[in-house]
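Each in structure tokens, the structures are laid out below.
Two complexes come next, and they have one chain in common, chain A, joined by chain B in the first and chain C in the second.
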Partner chain A sequence: MNEQSSYRVIRLHGELDLARRDEIAAALQVHGPGAALLVDLSDVQYADSTIIAELLRFRGEAASAGRRFALLLSAHDRRLRRVLDYAALGDAFALFDDRGAALTYLSAPA
Partner chain B sequence: MSGEGAVPGSELRIVRVAHVDAAKPLRHALAAFMEALGIERELREDIIIAVGEALANAVEHAYDPDRPGTVELHARSAHDGTLLVDVYDRGVFVPREQGTPGRGLGLRIVRAIAREVEIDVDRGTCIRMAFDARGGGQSFAM
Partner chain C sequence: MDPRIARPTIAAAVVLALIVPIVIAAGLLVRGYTRAAFQNEQDATAMRAVAFNALRYQLDEETGVRGYAATRDRTYLEPYDTGRALLPATLRRLREDARRLQLDAAAARIDDARRTSERWNATVARPLLAHRAGAPALQLRGKALMDAYRDDMEVVQEAIDARKRQLDAATEAAIDRLNLFVALVASAVVGLGIVFGVQQFRLAAVLAAKQREAAELTAAYQTEKRLAERLQDAFVQRPLPVLPAVSFSATYVPATEESKVGGDWYDGVELARERVMFVIGDVAGHGLEAAVAMNRARQALVSAAVVDPDPAQLLARVNAELLDQRARMVTAVCGYADARTFEFVYATAGHPPPVLVEPGRPPRMLECGGLPLAVVEEAQYRSHTVQTVPGAMLVLYTDGAVEHSRDVIAGEQTLLAAVSAAIDGNTPNPAAAIHSAIFDSRSVGDDVAIMTVSFMPGAGASGEPAGTATIVAAGARGTPEGVRGTVVSLAARLRRAARPGRRDGVRIAS
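Here is the complex of A and B:
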């Protein structure tokens, strides 16, 4: 996890499933008002619905805290984007496959 | 998608203790089975997504954590190029964490990917999924 002055990055790796839910839940903490939030999933090869549920919770907590939130997905591996589409959640998150575009979004006025 | 030389009847059957760590190796075993069948990568990935949800459901909901049972993965190729995958547990649905966002997503994902889904509840839960796929014929025993 990297701290930046205008945004915070939470980077997750590997295969995210039920076995890692507690670890993911601990990583996805908003901690009240503050910088915009980027969850970097560009090195994630698999995520099941338990992880999507954690992302939905995190989205809600970020919104409650007034913090912008975006997901960074791999530009080459479309699996996570397809999972979100199959879950009918393709429009539920601000999705990017380009880090610069994600940071531009996060730095824009709310 | 590779369909030439398809030999129906290829089969994979694995039984594991339904612990949270069981889902990943079961997904990997199914992925290797499908690769050997010649199923194309994106379709393999989607089938893994769907079957992964069924496995997660069994691991999370079938058993009391203090009394774990088994989860069985059974995959076989049919004559018409269909891949049939069953995920079977012998437990009783144990609900957890009511009100958590995203509950019900797993079955939605399964239904979006599989051509057919049946859920049989009789001395356990069997989620039967049928996917459009084609491949060659190899036998697996694991």
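Here is the complex of A and C:
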């Protein structure tokens, strides 16, 4: 959470599958401080389609709340990106593998 | 043994081990005490008899002397002689008993009585026996001495009686104490028995309840699992169409773990003699609910296929329908295969991409992309058209086939290698062969469904029947299930045709 630039980082770790759905849902909350939201998945080694559903829900909530949000993926680990490709999430989300670029996107005027 | 049963049992054993020696020791103590009291009481009874004799002998002596004095008949002297012989010993014994029973006052009176008896003997009995003179005076004196003697003996007897009553009371008290002790021990044992019994009973009830609960849960779980399996079996094993121009093969292997009966399915639908619809999908989650959700998605997709020739529109329609039903998230690939044009048209919804195998070319992943079904209302899908050749095969699968190692990139490579191996193996069931090639050395952690859709080698727009030797396609692999009867003999020819060096020489007849 950085008040100055007014964005909040939600960081998920490890292997995200159906067994952790409640945990993921609890983490992915739009409400809270920060005008923009950065969901940092760069430490996620594995995710199944559960993450896709949760991210889509999150996207809808963020849109309703008028908040920008971006996804940060690992630059060198393509595995999660491939799972997101199955759903073409690149079309639906702002995906970044560079933190600076993600923050620039989030701080840009809507 | 269950620790909840073992613990009180051990406690009971310890309590018993403590109680038993205490009971034995206390019992011995009480027994000794009771026996002593009882012995003293018997002594007192015996002493009373002795005291009675002491009085009787003396009175017999006196009566005998008076009788002799009055009649001079010697037979009257017999009691006197008996008394004389027995009285001293009797008085000695009485004295001894008094000492033993600690009757000090009585002892003094016994001494007194003994002296009175001697005085009577010396001053009354002997003079009376010796001569008759002064008899009335002597007799008066004798009477006085006898009264004194009798008084002494009465006091002694009263003392004995008093002591006897005292001893009786002590014996009774001892017996009471013994009874009380026995009652206490019995109560303690009964009490402990009740406490342990109640505890055991409660534990048994708790255990029984737990076991019943577990049994109910197991039964409920088994029922759901059976139902889910039956549903899934019924759905998955729906027969695939058997057509001359397009053939299907499929395999479904449920997860090794019991609880993971999943929501994977596949379907092939004959729309025309040379046109089929295919779909493979996966409902999130496991169990009965997933199986039911799977059935809904499946019905929706197959029903929509009849009216919608475009896969993207079909997925959009089904997406809206499932959202209306508030269904679970579903990923799927659906499409059409047309044996007249050798085209595959498909669209994907959050599902891993199909693999295309064309004769003479390595297998490759096709394009994919599109949101899963039943998540977002405005989801858009894209139809992909792939122009292929006779003998081409599309491999569809669920994510278990590529996510077994939790690395989809490696999983995709494994899958492509497995597809290559399977078609090289020239199997009648490529789907099963692909599954074995992937999972031969791995446990199946998730459900895996694999389906292949193949154009018959040489089945073309000409409408010529498949399986004639003249239209064997180059590199055609596999002997699709759908035409098994024809293909058995064809398979050998196909294998020959597929040998390296022959490929280029064989051309498609059309």
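One rule holds in what follows: the second predicted complex is superposed on the first by the 102 of 110 C-alpha atoms of A that agree within 3 Å, B and C clash if a C-alpha of one lies under 4 Å from a C-alpha of the other, contacts with A are read in each partner's own complex, and residues count from 1 in each chain.
By our rule, a contact is a pair of C-beta atoms (placed from the backbone, for glycine too) under 8 Å apart; a residue touches a chain by one contact, two chains touch by 3 or more.
Model, not experiment: these values are computed from the prediction.
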| item | value |
| --- | --- |
| Partners on chain A (chain B, chain C) - clash or fit | clash |
| Touching partner for A:D91 - first (chain B), second (chain C), both, neither | second |
| First, second, both or neither for A:E15, with chain B first and chain C second | both |
| Partner chain in contact with A:S74 - chain B first, chain C second, else both or neither | neither |
| First, second, both or neither for A:I52, with chain B first and chain C second | both |
| Stretch in clash, chain C with chain B, out of 439-447, 457-465, 475-483 or 493-501 | 439-447 |
| Interface residues of chain A shared between complexes with chain B and chain C | 15, 18, 46, 48-50, 52-53, 56-57, 60, 78-79, 82-83, 85-89 |
| Residues of chain C touching chain A in the complex | 282, 284-285, 329, 331, 348-353, 368-372, 375-376, 399, 403, 406-409, 412 |
| In the complex, chain B residues that touch chain A | 20-21, 23-24, 27, 42, 45-46, 48-49, 52-53, 56, 59-60, 100-103, 105-106, 108-109, 112-113 |
| Chain C-touching residues of chain A, taken from the complex the two chains share | 15, 18, 45-46, 48-50, 52-53, 56-57, 60, 78-79, 82-83, 85-89, 91-92 |
| Chain A to chain B touching residues, read off their complex | 15, 17-19, 46, 48-50, 52-54, 56-57, 60, 78-79, 82-83, 85-89 |
